[in-house]
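For reference, chains read A, B, C, D, E and F in written order, and residue numbers begin at 1 within each chain.
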């Protein structure tokens, strides 16, 4: 099920087809996963999303695998089944071992429980955790 | 504000005081942050939470900084202000640079938006993302 | 799968059957979607939910399509697959175009990412955004 | 801070004032907490919310304290600081002991972590958990 | 679909098999549900999760059924379909009646709506809800 | 409190200062709210976020006020206090009346409660809500 048609290559508008081509070139694979086929119903949104994703996930101060681990963590808390599947697969493709997967899950579960505890206790933030410099008067 | 008193050292029961001592020894710091002072109202819960946290966040297949980045990501999606503050500070203490912080935020924001898009589009999971081996008949 | 049986017309208790009849009359359609068939296991909850929905979604200061767009946005963030499907369909039935659907998704994705950024940065609210009039002393 | 003024008794419209009076009578207390003073900006929404709350939280198949515990659990996961405070106070007023509060928190934290694990693992639902009776052909 | 294989008894490592045995003995049933079969890919995480669950859900200041109701409430807000199914079944096994299930749902839905209202109105917490004792100067 | 310093104009790097200038020109106001001052710690992230926001929120198939209502709805469900404040103010600046605000809240609260009910009941999606065209064999 989906709320929009999943567009195959023939059904994609030219702007969407160009994004599909860039996805294939960037990933060095012919496979286009369903997320992009669904987004292709709005070629401008497809292009903006893909361009930003490509920039954000590129190697930088954090390595690509670390970025995928963070992506899986966010997707898990948001309960996005599709994203959990696609980014867990991406993490494995970038070298995530079973042991790393297990530790990722353990940290996510740990954070989930202390998040709940801190919320239920309404713990006030310790002043030493404040990084905000006071703004000068304006 | 909080939903329980924040217990200072004098108010902590013996089991809680022992946890405070272990936190101090483990972190090599006299500072006990408010989360533990709030949890100390239930010494058994305090002990179980601290013991598990210590085990989960120890170096393993993932390094401690990577684990903190994941922790901040989860806390952000859960909207836990306290946890965002304490674990961002912990990540900095473990070496997170400003550039890494910026990339962490960029990945979290990216994931948040594609999570929303995949949910709104109700994208079906591609079969190649399935890692489940079929169970034999039982 | 479901956690309760989906009740067909014959299985619905009289109070539930009366709600089914009102849904059919209000929508001018014989179709009763699964949400109501599941809720029918608790006829009082079914009735209260339907009555409130009918009142809230009626034309008022906001038009019905705008209300459906808001409904889809909320359902997306809550990750409610059923609700995303049913209210996207309802929005289309009330005239949502493909272009409007695309913009709805773009706004939802934008908000999701700035929500994450504002949370991770723990941005303090600017005082000019405060609408609360001070309460007189009591 | 708030996004609307908090209305004191003098500022409340007649329909809102009537709700304030019913809250006072029902709770046998003169105190009106800020939630209702904020909602009073829309007297119809105030009335509908209060009437439904009064019905839902009344003793029934579940006792009032159990209902408050559930309310705190939901508010915690939703990260609603206001609701956590007000319903924790309500639970205490209805007899919640410190030990019960601690166990509530332990269960919420436990559920939060297994929710995260089940999501990250994308565990398929066991068929024996399905309560849906098949619908007859229509 | 799942992101890991679901391990049958033959595929489980010795530490995982020992947990399976304890689950069977504790529940007096041969059935091992998919959650544990998925977690078995990381035997240490499986063991830690099961041990903690067993301790938290044991009878205490709250009875086991109340704990299951809280578990279902948390799982609902987190949108964890698997957990909703498994813990609704567990609640029924512990005696939850249809009327209690209906009231549980009504409270969860009520809390969800006032959580949203309190958040949108940004209602400031009433000072009388503060349980935090001031910390002495340190 | 914040997890980064809020940068005043003098502290902003040239790329950030250029974004501040564009925000001022676009909004025809000298005011820069704290969100941008916090994001300015990562000028590239600031620029990418502002450029995308400007494009997404521009008039299109949906009018700017409708987009702000959707933004407030998403921010409410995500529990982002900062965003609720800033976008409620933005909606008012774009003409939102008190009556429209009240109806927005009523719809958000309604959706929140049916989202919870649909999740707890695990209602299967009606086949008529499926918009996905089957993909041709590949």
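Throughout what follows, a residue touches a chain if its C-beta (ideal position, glycine included) is under 8 Å from a C-beta of that chain, and two chains touch if they have at least 3 such contacts.
Source: prediction; values computed, not measured.
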Considering only chains that satisfy the touch condition with subunit B, which of them also satisfy it with subunit E?
A, C, D, F
What are the chains that subunit D and subunit E both touch?
A, B, C, F
Cα centre of subunit B to Cα centre of subunit F, whole Å, reads 26
Distance from subunit F to subunit A - Cα centre to Cα centre, in angstrom
18
Touching at least 2 other chains, the residues of subunit C are 1-4, 6, 45, 48-49, 52, 74, 76-81, 84-85, 88-89, 102, 104-106, 108-110, 112-117, 119-122, 124-125, 129-132
For the complex, give me every residue of subunit B touching subunit D.
1, 3-4, 41-42, 44-45, 48-49, 74, 78-80, 132
In the complex, subunit A residues that touch subunit B:
1-4, 6, 31, 33-35, 38-39, 45, 49, 52-53, 56-57, 60-62, 66-67, 69-71, 73-78, 80-83, 85-89, 97, 99-100, 102-104, 106-108, 110-126, 128-131
Touching residues on subunit E, where the partner in the complex is subunit B:
1-6, 8, 37, 48, 52, 55, 125, 127, 129-133, 135-136, 138
Give the list of subunit C residues in touch with subunit A in this complex.
79, 84-85, 88-89, 98, 101-102, 105-106, 109, 116, 124
Which bits of subunit F are touching subunit E when the two form their complex?
72, 76-77, 79, 81, 84-85, 88, 104-105, 108-110, 112-117, 119-122
